[in-house]
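Next come two complexes, and both contain subunit A; in the first it sits with subunit B, in the second with subunit C.
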Partner chain A sequence: MAYTPQYGPGQSIVAENRRKQMNPNVKLEKIRNVTDEDIVLILGHRAPGQAYPTAHPPLAEQGEPDCPIRKIVTPTDGAKAGDRVRYIQFADSMFNAPSQPYQRTYTECYRYRGIDPGTLSGRQIVECRERDLEKISADLINTNLFDPARVGIRGATVHGHSLRLAEDGMMFDMLQRCILEGGTVKYVKDQIGTPLDKKVDVGKPMDDAWLKANTTMFHSLVGTSYRSDAEYIEYIQRIHSLRTKYGFMPVE
Partner chain B sequence: MAKIERAQKLFLKALKTKFEGDVADTKTGFYNFGGLNQSPRKKEFMEASKKVELRRGISMYDPNRCHLGGLPMGQRQLMTYEVSGTGTFVEGDDLHFVNNPAMQQMWDDIRRTIIVNMDLAHQTLQKRLGKEITPETINEYLHILNHAMPGGAVVQEHMVETHPSVVDDCYVKVFTGDSELADQIEKQFVLDVNKLFPAKQAEHLNEAVGKSLWQAIHIPTIVSRTCDGGTTSRWSAMQIGMSFITAYRMCAGEAAVADLSFAAKHAGVIQMASHLPARRARGPNEPGGIMFGHFADMVQTNRKYPNDPARASLEVVGAGTMLFDQIWLGSYMSGGVGFTQYATAAYTDNILDEFTYYGMDYIKDKYKVDWKNPSPKDKVKPTQDVVNDIAGEVTLNAMEQYEQFPTMMEDHFGGSQRAGVIAAASGLSVGVATANSNAGLNGWYLSMLMHKEGWSRLGFFGYDLQDQCGSTNSLSVRPDEGCIGEYRGPNYPNYAMNVGHQGEYAAIVASSHYTRNDGFCLSPLIKITFADPSLPFDFAEPRKEFAKGAIREFVACGERTLLMPAR
Partner chain C sequence: MADAEFPQCRIVTERLLKPETVEKILNKLAVIPGIRRIVINGPSIPQKVPYGPARGLDNPHSGKATIRVGVTDVDLRVQVGTFLLELETRDIVSQVEEACKEVFTNFSYSVKEGKFMRSTPTQVDYAKYGPNANEIMLGLVDPKNKTGPTLIQGHK
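Let's look at the complex of A and B:
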């Protein structure tokens, strides 16, 4: 019998949103159109138009060893070209940001190849070959995984995910890499905090109703209460109980 | 699981003092606090640095230039902290162990302590040398030892000695479970179990110690600071050997001295911590080797407040996170400065306290555990369902409190802070309900899984590792996989790497004994030794002592200003 992934338990909208984000058969909803050039600016790894710096010669030129694994795994475009490994890192507000650290990691692992995600409480990083990163970043920024006000693209000094929001609804960022101006959010610094020569518009913040309907985090004050999803809690307790019993006496 | 009503919110006073406006608001202002100038302590640092720079001609603390290339901290409100259970508000900087002499002294008092059995030496003296041992000879020996232990000469001519004012924290007392013997020893030298402990605990301790006689030795702070924890047994054994020679008029070179030395250095020695393997490379009496059961015995709050096992356990959390997170992992192992904030979350602003007392109310309401009258009688059988129920409810309540009070979420701005606090409340609640440390640990791990799935985040890479595999080892007792809680420690597999766990684990172990009103958790000897009112650090009130250190009212030992010109 073929395995059909279920992408997690739960009957709440939060659980459903999590499954939709993870399931690669569900198309992510495109909401905004930040250009490729602007994404390169926010990432700050190379100048727009600049050739991709390389970490090694293209695979076709460097002579690959006779390796069965290499025959099985098709290299990504970035790996083929010998690109450097670079990153994009997000800070997601706990006030209903659409994606959240572990959720991002799970989603990326289901949807993309050749990636190395890292998950923390206040930030989530994904690293991969540079040209692959730019494609993935376009998805992560232009779709329903992103909100201009509640999600920050931050390489360092990420403090803010758990803080109250600013009066204008923006998540705190001590570097103020992006500002709300004329109803849209504009990046004035790249993700590491280097000032940009031009402002990069990433669109209008989503409204509270949309955020509540699309978030993947439980929150009893501004969103969906965790306690209300009994199936979710029961499932976690079941996993914990099985792990405990197996650790105690691995015979069942 | 079902939420229970609890009107009292212990953290509200702290939140209202720390934050302006409604503590339940979701929005606030930023970027207008004046940066570092909002903090009196940071301003003091800047002024102090200027003086240092003038004196030495080398630049130092310069946050306006060095922090993020010219963007100083303080774009958000720089918070003060209330040390839990004390009502004292302090600046975060004052809870870094470098700035807090009480924290240093707590660790000094552990590292410089060694317990040495006297029965072995007495048998050697009696059986091998035919010497008579009486209360009088023991008293004479203790006089000599209290002269020798700080660094006084007892046998040789023309010896150098230490200045008493520099080593005034060094002394030796004895204890025994034999009340008759204890009565015959001079009061100044005795740790009187019957007077120091509540009756039930004293009975338990006296029974465990029996007729044996033990020396509780504290070598000078300045010695263990200059050398290391491995020095403690050596320093003490040297002075013990010389004192026996003097007290019992032995020949300094006779072979029987070797027996006394062996007893004082090895056979009769109880170290506070075992030595560590080469990759962590520390001698005995260093923090990484302290078993959680032993640490739970060092903290004395349950002796002073036997009817509040929650409070006593919270004091273990405070003391444990300070030692294991701030000093052990934060400095010994990583060399970092920022670990302080992982630890302080667990003993400031009464947040963990509130979550834990919610657990107490819950176990009383649902399981009829009369936690204010600790005894083994009303404890709940630790089934998996019971653990899941208590830890699950305490976790959900704690998460909801963070959600309902956004200023509290802002207070504990890091996931590891919240994870440690929520899981600690869960583990302590299970520990108090069941009196089973492994059940408590199992509650901790369920809490971690529930937390991670609810908020889709937990701590950080390594922090999460031990929690994601913890369910599996929490009831395993196979070598290298698991152990009963009392025998686990900072060097236990999976525990050796990350902050925000070890102090809480020690407290979970403690809670499972405090709830029974046990005299001790793992070692009656360690419990009695740290009940000593002569110790500079009061192990019954660790958080209060830290607060005193923070507001610069704690007087530490091991000072050498006496020996230097005044500045």
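Let's look at the complex of A and C:
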């Protein structure tokens, strides 16, 4: 019988959202349309229209050694062209942001090839070849994994995910890379904090009801509480119990 | 240390405040007689980009503004989310609550009585101010910061 991954336990909406994001057979819901040029501006790795700088010659010119693994694994477009490895990093507010670091890493690992995600408590970085990165970033920004107010694209100085929101509903950012102007969020700096020549519009912040229905974070005050999901509690207690007993007697 | 212990209270807002709101609440507080000291707290907004490849660039930020409290200009260096107040008597708390009620209309806040400011010098305070530190300076500003507290004209 073929194995069907379950992706995660739980009966709550949060658990369901987590599974939906992780499952590559579920199409991510496209919400906004940030252009490729705008994404290049936010990333700040190259100027829009500039050729991709390379780290090595294209694989076709390089002359690959005879290797069975290289025959099995098709290189991604970026690897084929010899692109540099570049990154995008996100900070997700604890107030019902649609995704969160661990969730992002799982989601990306299930959905994309040739990536190197890094998971930290308040931020999540994903590294890959530059042209692959731009495609992945477009997915991560234009779909339901992103909210302009509660998610920040922050290459450095990420502090803010666990702080109270500002009066206008934006997550704190000491570099104020994006501002709320006329109801939409505009990036005025790229992800590392260098001012942009033009403002990049990433759309309207989603409302509280949407965020609560689409978040992958438990929050007892503003969202779904962890304790309300009996299956998740049972799962975590089982893991805890097995971890505790494991060294002594590795059976249930 | 002086023996006198003054009552203190802390205002915590549900949201981090815009400079305009901070100006509004501080102007309400400034006219209440009997507030000895106010500390405003929140996450820091640096003058320059502190980390990363853009380190050293200027950091334009709408939260880093100069507000006017009474007749004094105050440079905000943090996005304010907490106010610590030292009062002369406990009955002023109700007036503080009244001021908060008028200003914080779009989100909740809490006013708590307790002891929130430092009363004994730390090692860094001692290094900066010496053995005869002015008690009013303790816990008011970061002793390592070059800029001192702002004095607002009182009522006495």
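Convention: the second predicted complex is superposed on the first by the 245 of 252 C-alpha atoms of A that agree within 3 Å, B and C clash if a C-alpha of one lies under 4 Å from a C-alpha of the other, contacts with A are read in each partner's own complex, and residues count from 1 in each chain.
Quick note on the criterion: a residue touches a chain if its C-beta (ideal position, glycine included) is under 8 Å from a C-beta of that chain, and two chains touch if they have at least 3 such contacts.
Small disclaimer: the values here were computed from a predicted structure and weren't measured.
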Winner by number of subunit A residues touched, once subunit B and subunit C are compared: B
Touching partner for A:A60 - first (subunit B), second (subunit C), both, neither: neither
Which superposed partner A:V26 touches (first subunit B, second subunit C, both, neither): neither
First (subunit B), second (subunit C), both or neither touched by A:G193: both
Which superposed partner A:V222 touches (first subunit B, second subunit C, both, neither): first
Contacts of A:G155 with subunit B and subunit C, given as first, second, both or neither: second
Which superposed partner A:R164 touches (first subunit B, second subunit C, both, neither): both
Touching partner for A:I239 - first (subunit B), second (subunit C), both, neither: first
First (subunit B), second (subunit C), both or neither touched by A:I179: second
Residues of subunit A that lie at the interface with subunit B and also at the interface with subunit C: 157, 159, 163-167, 172, 174-176, 193
Residue ranges of subunit A touching subunit B (in the complex, touch as defined): 18, 94-95, 100-103, 118-122, 157, 159, 161-167, 169, 172, 174-176, 193, 216-222, 225-227, 232-233, 236-237, 239-241, 243-248
Residue ranges of subunit B in contact with subunit A within the complex: 1, 3, 25-31, 68, 71, 73, 75-76, 384, 388, 392, 396, 399-400, 403-404, 406-407, 409-410, 412-416, 418-419, 442, 445-446, 449-450, 452-461, 464, 471-476, 481-482
Complex contacts: residues of subunit C adjacent to subunit A: 13-18, 21, 43-46, 49-54, 57, 59-63, 79, 81, 106-107
Interface residues, subunit A side, partner subunit C - complex: 155-157, 159-160, 163-168, 172, 174-176, 179, 192-195
